[in-house]
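Down below are the structures I want you to see.
In the two complexes below, chain A is the common chain; its partner is chain B in one and chain C in the other.
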Partner chain A sequence: MAAGETRWERPSVFPRREVKWFTYLAVVGFFLWSAWDLGAAPGRILEGVGNAAALATDFFPPEATPRQRTRIIEKMLESVAIAMISTLTGILVSVPIAFMAAENISPRPLYTLNRGLIAISRAFNAIIVAIIAVKAVGFGPLAGIITITFKTVGFFSKLLAEDIEDIDMGSVEAVRAAGGSPIQTLLYGVVPQIIPRFAGLSVYRWDINIRTSTIIGIVGAGGIGSVLLTAFNRYDYGYVSAILLAIIAVVLVAEGVSAVVRRRYQ
Partner chain B sequence: MLAVSNLEKTYSTGDEALKGVDLAVEGSETVAMIGPSGAGKSTFIRCVNRLTEPTAGSVELDGTELTTLDDDALRAARRDIGMIFQEYNLVERLTVMENVLTGQLGYVSTWQAFRRNFPPETVDRAADILDRVGLGGMADKRVDELSGGQRQRVGIARAVIQEPKILLVDEPTSSLDPETSETVMELLTDIAAERGVPVLINIHEVDLALDHADRIVGLHDGELVFEGTPDELDEAGLDTVYRGADPDRLTDRATNGSQPAEGDRVVVNTTDAASGGV
Partner chain C sequence: MAAETPRWQRFDRRRRLGRFLALLLTAVTVVASWQFLAIEFVTLDTVPREVADLLTRMYPPDVAYTPTIIEPLIETVHIAFLGTAGAIVLAIPVALLAAENTTPNAATYWLGKVLVTVSRSVNTIIWALIFVVIFGSGPLAGAVAIAFRSVGFLGKLLGEEIEEIDFGQVEAVTATGASSAQTLLYGILPQIKPALVGLSVYRWEINIRDSTVLGFVGAGGIGVQLFRAVDAFAWQSVSMILLAILGIVIVSEAISKQTRGMVR
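What follows is the complex of A and B.
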């Protein structure tokens, strides 16, 4: 065969070249319109940087009176406690939902119902859930526990259900074929296959929950967030930066612990 | 004794995997079912213990009709049916012992199962069987540390501890090298013979079937097209099983005026094939 007789081009997702260019143009156009419409003009950004720099100087040095210091510690412990409790309650609620939301082991109607529950939990940001929880049970850590439990379910059930869907069904079938009951089949066929992932997800969610618990206090759901809001409202920037440093320290420790534990398990 | 009659399976996709198959496995014989991929061998075996629900037909094990059992009765019946799988189907993250004891789950409560609290006799029996299959001392190894041949030995032990009335074996050697296949088949048939358990085995390696089976049945496109001893399986028989019915034989049947009825089968006759071979 003479050279150049075979025409070859890399297969493309676009049926025609014109469609490709039109798509790219549309995407770029949408970005430009968004920036214009939201008023994100370069001039305003520069001005903002100046303001932020001025504010940053107010943040230094971080300072807290002894009373404020006790308040930070007290409320930070509350945040961590909220995270611990709601990680536990969240996982307890999540596990049955995860099993029911796994397509390969759950009947269709149950699967749909539980996937729906998960979708609802994932649809709302923690702050929105916290506002509703505060309305329901009043200010304080209980609202925080409800919020984070609810958010944990959306995350934990979804990821665990996906892991259950990925297991080797052959082993499950073998347990069933030997005469195991449905619960025994779960215990011997399914659970051993998802245990490592379960442990990893639990620690990961614990670390996310610590981060969440430091912020939901802003809407009154307990923890360090409320102190942060008060400090901002009083323009007490030294105090604000002391609180922020405390939050950063706790979150870093939680992330570190989480990373180490997860590495050990996988 | 396992007696299957007129077994049919049509999948929801419309595929007719089994078109009325009759088969009996009795005493302590080893019956090998051969046939090309897609002939319905696995479907047949899976319909016996209803891992796949048959569409029509009857499956009787020692006089109990299995196809109509409710969930509880089916679980009880499955305790008496050992199954060995192509991909071993062990739980990789459990130990060898836990995998073997899985064969006894039907006899303990869920709580006992959860606590791994099996009766001491059962554990003794499991240890004996592990010795027998050559895995003595490996009870606490996790299955994912084992080789393929060792895994299939665990699979055999799990089925044998059930003290089954029949062993269903689905392509036990397809994931193994030829030498390991031979030893695994040898072990499987020996252990079944020692215990007097009949074996129904799906296998596509005809040589292994010829060496180890008492009787061979051939499945082609959902129909039983051959039945006979290993000696009776000749070239013509293999042709029938792997390439569809022999045209000559079809003509014979047509002239005899008998249309192939449901469950009809060609029983290959050695002398006939020798004279009329292609």
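What follows is the complex of A and C.
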């Protein structure tokens, strides 16, 4: 074989074969460590499957007395109401933060500060935020509104800021060249370019907020979640599955509405 | 001004009406929601004070608490990792069912869609409540909950990826006399491998964030310590735990971004 000839090898993201095997080994090793640490023995899993089969008969059929049914409806309305209000408040808070977190129109220190705020909002699960909100303002929907507003800011500001960074700076300069003040530049140069995405994002976030508002009740921040937790604690599994069905139904409707609206806007 | 020069308007009458109605509907819904929740403005003005009070109690974070939270932190990463691994195993068949070109018939297609929908509509914390009953409290229940929640996400996106593949290659493998397992291994899998790796790592990153709260329902992880500290009003410990969570979330995000950049 001539020295210049090389064997064909499958294209790979790894620079060397050793690196590849090392990576695979590390992943498998970590997997085994995890399984051992969590006690995920096959016997325990099988036992769980047996328990699940026994439990399945408790879950079916879903049942709720008329009183429980009105309770589900009432608390579900509370969840939806929380989602509605906090989508609005969340967006209102997000807009200025998004502008300050856009690299192309915001000064550097302000940019860093707001990006940090966004990172914090995204890092913590809604349940953690809710628990702290409940400790701060007490049980009830107000804690839920604060939680979802806070979570909305991380999501909405981040995506809106990315859209602002993608805009055509030419039209911004044009408005400025015509003698527009900074406010006018923002209103007539930047805002018209992000409005279409704005609508889609709002509806998308509303959909996510509906999902979130159905669980934060577990820690006392209002909505259907509290009813679910109570039912679980009473081992009333027929009621649990009735509540779960209600949650799935509401989530599906929200997702459907959001998909339709986004398709019409984009 | 002559009557025949109309004023320029951005929208015609129908769209203006539509926009006005949409705005009105939004306003009415929000006001009605506010009324329904019966939150009084009196309680509202105490909110900034209460939050500020809590934040001052949290400062400074209790650094001496760090050794106690290292082990639960590792457990959290393990839950996310094992849960994601379980989800991949479960999601591949679900994705094959939920993809129009690989599903055997209409019934299996709908089965795939239903599995994806149920998994996605039920939050991780609710799955955890269910699996704590089944496996007893502990991190194993958490890992299974994470797996069941992730199946829908991975199944849906992998299914969409499978629908995009070049079916010629699959037919070529079948034409050589390959069994259905071999077709899957050599015809389909190589085409979705980059997506599989990318999506798995992305989901792992989400799962790290999700598994930080499993402790609230007794499903293990850093959440156990967090909620214990909250209940004890040990706010400086709470802020230390929050910082630790922020740390692992940022690290996992960086790993995920790096890996996804490599396989794209």
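Just so it is clear, the second predicted complex is superposed on the first by the 250 of 266 C-alpha atoms of A that agree within 3 Å, B and C clash if a C-alpha of one lies under 4 Å from a C-alpha of the other, contacts with A are read in each partner's own complex, and residues count from 1 in each chain.
Definition applied: a contact is a pair of C-beta atoms (placed from the backbone, for glycine too) under 8 Å apart; a residue touches a chain by one contact, two chains touch by 3 or more.
Since the model is a prediction, treat every value here as computed from it, not as a measurement.
**Q** Considering only touches as defined above, state whether A:Gln68 meets chain B (first), chain C (second), both or neither.
**A** neither
**Q** Count the residues of chain A touched by chain B and by chain C, then name the partner with the higher count.
**A** It is C that touches the greater number of chain A residues.
**Q** If you stack the two complexes on chain A, which partner ends up touching A:Thr230: first (chain B), second (chain C), both, or neither?
**A** Touch partners of A:Thr230: none, neither chain B nor chain C.
**Q** Touching A:Gly48 in the superposition: chain B (first), chain C (second), both, neither?
**A** Only chain C; A:Gly48 stays clear of chain B.
**Q** According to the stated criteria, A:Leu252 is in contact with first (chain B), second (chain C), both, or neither; which is it?
**A** So A:Leu252 only meets chain C here.
**Q** Both chain B and chain C contact which residues of chain A?
**A** On chain A, no residue contacts both chain B in one structure and chain C in the other.
**Q** Can you list the chain B residues touching chain A in their complex?
**A** 49, 51, 75-79, 81-83, 85, 87-94, 98, 102-106, 110, 113-114, 155, 158-159, 162
**Q** Going by the contact rule at the top, pick out the chain A residues touching chain C in the complex.
**A** 13, 30-31, 33-35, 37-40, 44, 48, 51-52, 55, 77-78, 80-82, 84-85, 88, 119-120, 122-125, 127-128, 131-132, 135-137, 140-142, 145-146, 211, 214-215, 218-219, 222, 228-229, 232, 244, 247-248, 251-252
**Q** So in the complex, which bits of chain C are touching chain A?
**A** Going through chain C, the ones touching chain A are 26, 29-30, 32-34, 36-37, 39, 43-44, 46-47, 50-51, 53-54, 74-75, 77-79, 81-82, 85, 117-118, 121-123, 125-126, 129, 131, 133-135, 138-140, 143-144, 209-210, 212-213, 216-217, 220, 223, 226-227, 230, 238, 242, 245-246, 249-250, 262-263.
**Q** Note which residues of chain A are touching chain B in the complex, please.
**A** These residues of chain A touch chain B: 168, 170-171, 173-181, 183-184, 187-189, 192-193, 195-196.
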